[in-house]
Amino acid sequence: MSAPLVVFDKVEKQFGDFVAVKQLDFEIREGEFLAIMGPSGCGKTTTLRMLAGLDAPTVGEIRLGGRVMNDVAPHDRDTPLVWQSLALFPFLTARQNVEFGLKMRGVGAAERKERALKWLEKMGILEFADRDISTLSGGQKQRVALARSLVMEPQILLLDEPLSALDAHLVIRMQAVLTDLQRELGITFVYVTHSQSEAFAMADRVIIMGKGEIAQIGTPKDIYRAPANQFVAEFVGRNNILSGNVQALSNETARITTPSGNFTVPTNTVQLTQGAKASFVISADLVHISLGEPDGENKAQCKLISEEFVGSMVTLFLEDAHGQEFKVQMQERELSKFDLNSGDQIWLSWDTASAHVLDQS
Amino acid sequence: MNANRTLNVILGIYVALIFAFVFAPIIFSMIFSFNSQRFPTIPLGEFSTEWYAKILADPDVWEAALNSLIVSTCTALIATFLGFCTAYSDFRYNFRFKGPYLALILLPPTIPLIIMALAMLAWFSKIGMSGQLYSVIIAHSVLTAPFAMAVIRLRLNQMDPDLEAAAWNLGGSEWQTMRSVIIPFCKPAIASALFLTAAVSFDEFAVSWFVSGLNKTLPVIILEIVQGNIDPQVNAIGTFVFLISMTLVVLAQVFFASRQLKSIRS
Amino acid sequence: MFSKLSRKLNLFALTWRLPIIIWQFVFFVGPVLFMVAMSFFLVKNYRMTEAFEFVNWSKMMNRGYFWDSYWYTVFIAAVSTVCAMCIAFPAAFALAFRASDSTRRWAIFLLIIPFFTSYLVRTFSWFVILSESGVVNAMLGSIGLGPFTMLNTNFGTLVGYMTLTLPLVVILQTVTMANIDKTLVEAARNLGCSAFRTIWQVIIPLSKTGLIIAAIFCFILSFGDFVAPFYLGGSQEPTLPILILDTTKSGQQWPRAAVVAIMMMLTLFAIAFIGIALAYRKPKGAK
């Protein structure tokens, strides 16, 4: 594992009486693509702004490459930010925008021009170098904004929802551009977003934030398969969440009683106690369906409510006799083996290993 | 619908009458300035440039014109500087006593000029600064700074609030950012404010009259001529002043409009 | 916390904040406060000496001519305000509801022009136009009317006040009414409200704040103007500004002029305060 480039050490930020973030305690590794994700108002942008020095932590320390950054002015840091609004200078051309940071750092005119043009070329917008910013399209502006930050050749690049203003098809293209760039340059990307698909598609690790606190840190797969708590499980969305009481405990599994029936779950790292409340999740894509009652310990009979198609994937929305809702995700061609209509009764089942117990706290 | 159309016609005529009333004195003054009659009436007398010849031959008028030029130029520079500083402080910072701070710059235009004139005259005499051209410049700067402030503040409102932070983020200090982001962004508004404050200063007569002493500006000359008797020279000077003021206002408007065009395009 | 403070009150911040504070304190607050102080000074042998006496106040407050002048000025400025508001309203209504956006913009631009023309020259122009043998009487004479005496009357003064205030009042009223949600007006008409009732019960209440502010500005301008009552009204009954002018320019009685000026300012503050309180007063029953 590589050394941490950035350390947030028990950082807290208040604006007046409002606590924007608290107990921020995490590391950013050199060369990783880290996404910070959460609903709006969760403190993710504040976290990024503190890293850029635009907001100062109220409590705690932020270290960059071992150096305490709390009192370093924004312009003395090397933490270029790609803004949600892009914040391109409207009175400058594309090339002058890219040159801006170099000019501030006192780089000579000839070198500035050369480096700016190099980056504009790399971003595939060399032909627009001398155009006014207002004449460029959304995607082109996006590339100018990226070039403007990358021309500084930073160790770390901060991105604040940079794709939120783009059309859906451009978002996919820019995601590829960003991941390629990150891999090629080998620098650290810190990417703030509210979009799960963006974060999961690009990031090596994801931090999920809620109400100013970190809810979970992990790889996209960790978060998807093993959400730490209810907040993450709900935020990720593609999960079935069941709650009940612990009926029996063994070494590696537990039996949990819910209104919808009794289910066996692996205990993994969560401490469970007999009789206590417990919740667990099963990813929607790990649930199987059948018309007849299946074998196995984990099953539920449900009524089909509706179907939703996205590309070749289909999501079934179901409900059992006790009002518990279920989601099942599968390939469309797999579903076509069954002849289902709304209101049909079908059976759901899953492997014990697919379930994941949530931290109750 | 027919009644509606009749109403529209009546309202149209009414608006035209209001405009006629507002512009009648301006237009008549211009007509009179080329009219040979000493007491102009209908029917008009012959076309004449007599009054223009008269003012051009009057060294007092020339001196006053020069004074007016100096006063309005200096006023524009000082008032726009003050207006810019205040607009930026208001835009960027929140601080205690911000209300009184803004009142400090915005209050002067709500006080009748004759009162400002008296207060300025007394104060300048007290501190030994009365009767000079710079007295007029200082007084006019106080009166016109709010206009500059308003124009520049409106421009700053149109700025992406991230723009300044983006410049810091790219390594610009606050001073560098001021020079290479804020001022370039505000340039059209600064130009607009310069012309606007110059135009207001160029026409102001009450305060000038009180504090200028012997250094008369054009409006003060007009005031003195008018006090004597009917003298169509006033119309000639007035037309001249009008043309200069209008040029300044149109220039201010051009800068204002060009930036609106730009913001529409982007 | 320290970093935040030091970033807030550094040289940079002060550079932009201080100039106006210093400038206005020396050249705006200073003069106004000095004028207040001056109202207690004494004048002996045409020279002003610094003192703290109530002589000027008691003299002015006990003089009949001051109060005559005071009430006349309040009266004529109020008449001017009512006239300007009433004359401007139909025009503003037409511009706000019947004109296209571009027509309205042009109209407002044209109405701004007078602010940048010499008010003195415009007043002088009226002086000539309204005189006994001037343009208006010549035109009326050609259809067998007149001549009328218009100069040196209240009518003359009001013409001057209108010249000063009408463009501003029309602009403020137009902008206020143009900002009303048009669907509300249409809804009222749709519900069977007659045109005049719509104006009275929908448009005026909705634009109350803007209308009151227009009236306040109109009053301030008329109340403080010395040119119209002097040249067109003939200063038969001197208004307060003319009183200031006379006391200052002749006789060096600056302290007494200061008393008049302070009385004017107090009156304007009171009017503005009442007006603003009315403008922002919520309708009964609303929260």
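A, B and C are the chain letters, set down in written order, and residue numbers restart from 1 in every chain.
Simple rule for what comes next: contacts are C-beta pairs under 8 Å (C-beta built on N, C-alpha and C of every residue); 3 or more make two chains touch, one makes a residue touch a chain.
Here the structure is a predicted model, which means the values were calculated and not measured.
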Given chain A and chain C, the chains that contact each of them: B
Core chain by centroid distance, with centroids computed from Cα atoms only: B
Most remote chain, CA-based centroid, reference being chain B: A
Comparison of A-B and B-C (more C-beta pairs in contact): B-C
Gap in Å, rounded to a whole number, between the CA centres of chain C and chain A: 60
Computed distance of Cα centres, chain C from chain B, in Å: 18
Between chain A and chain B, centroid-to-centroid distance (C-alpha), Å: 56
Junction residues of chain A - those touching two or more other chains: 73
Set of chain B residues in contact with two or more other chains: 174
Residue ranges of chain C in contact with chain B within the complex: 8, 10, 12-13, 15-17, 19-21, 23-25, 27-32, 34-35, 38, 87-88, 90-91, 93-95, 98, 107, 109-114, 116-129, 131, 133-135, 137-139, 162-163, 166-167, 170, 220, 223-226, 231, 241, 244-245, 248, 254, 257-258, 261, 264-265, 268, 272
Contacting residues of chain B [partner chain C, same complex]: 8, 11-12, 14-15, 18-19, 21-26, 28-29, 32, 39-43, 81-82, 85-86, 88-89, 92-93, 95, 101, 104-105, 107-108, 110-116, 118-124, 126, 138-139, 141-142, 145, 174-175, 178, 199-200, 203, 205-206, 210, 219, 222-223, 226, 230, 234-235, 237-238, 241-242, 245-246, 248-249, 253
Complex contacts: residues of chain A adjacent to chain B: 52-54, 73-76, 78-81, 83-85, 87, 89-91, 100-101, 103-105, 133-135, 148-149, 152
Chain A partner contacts - residues on chain B that touch it in the complex: 160, 162-163, 165-174, 176-177, 180-181, 184-185, 187, 262, 265-266
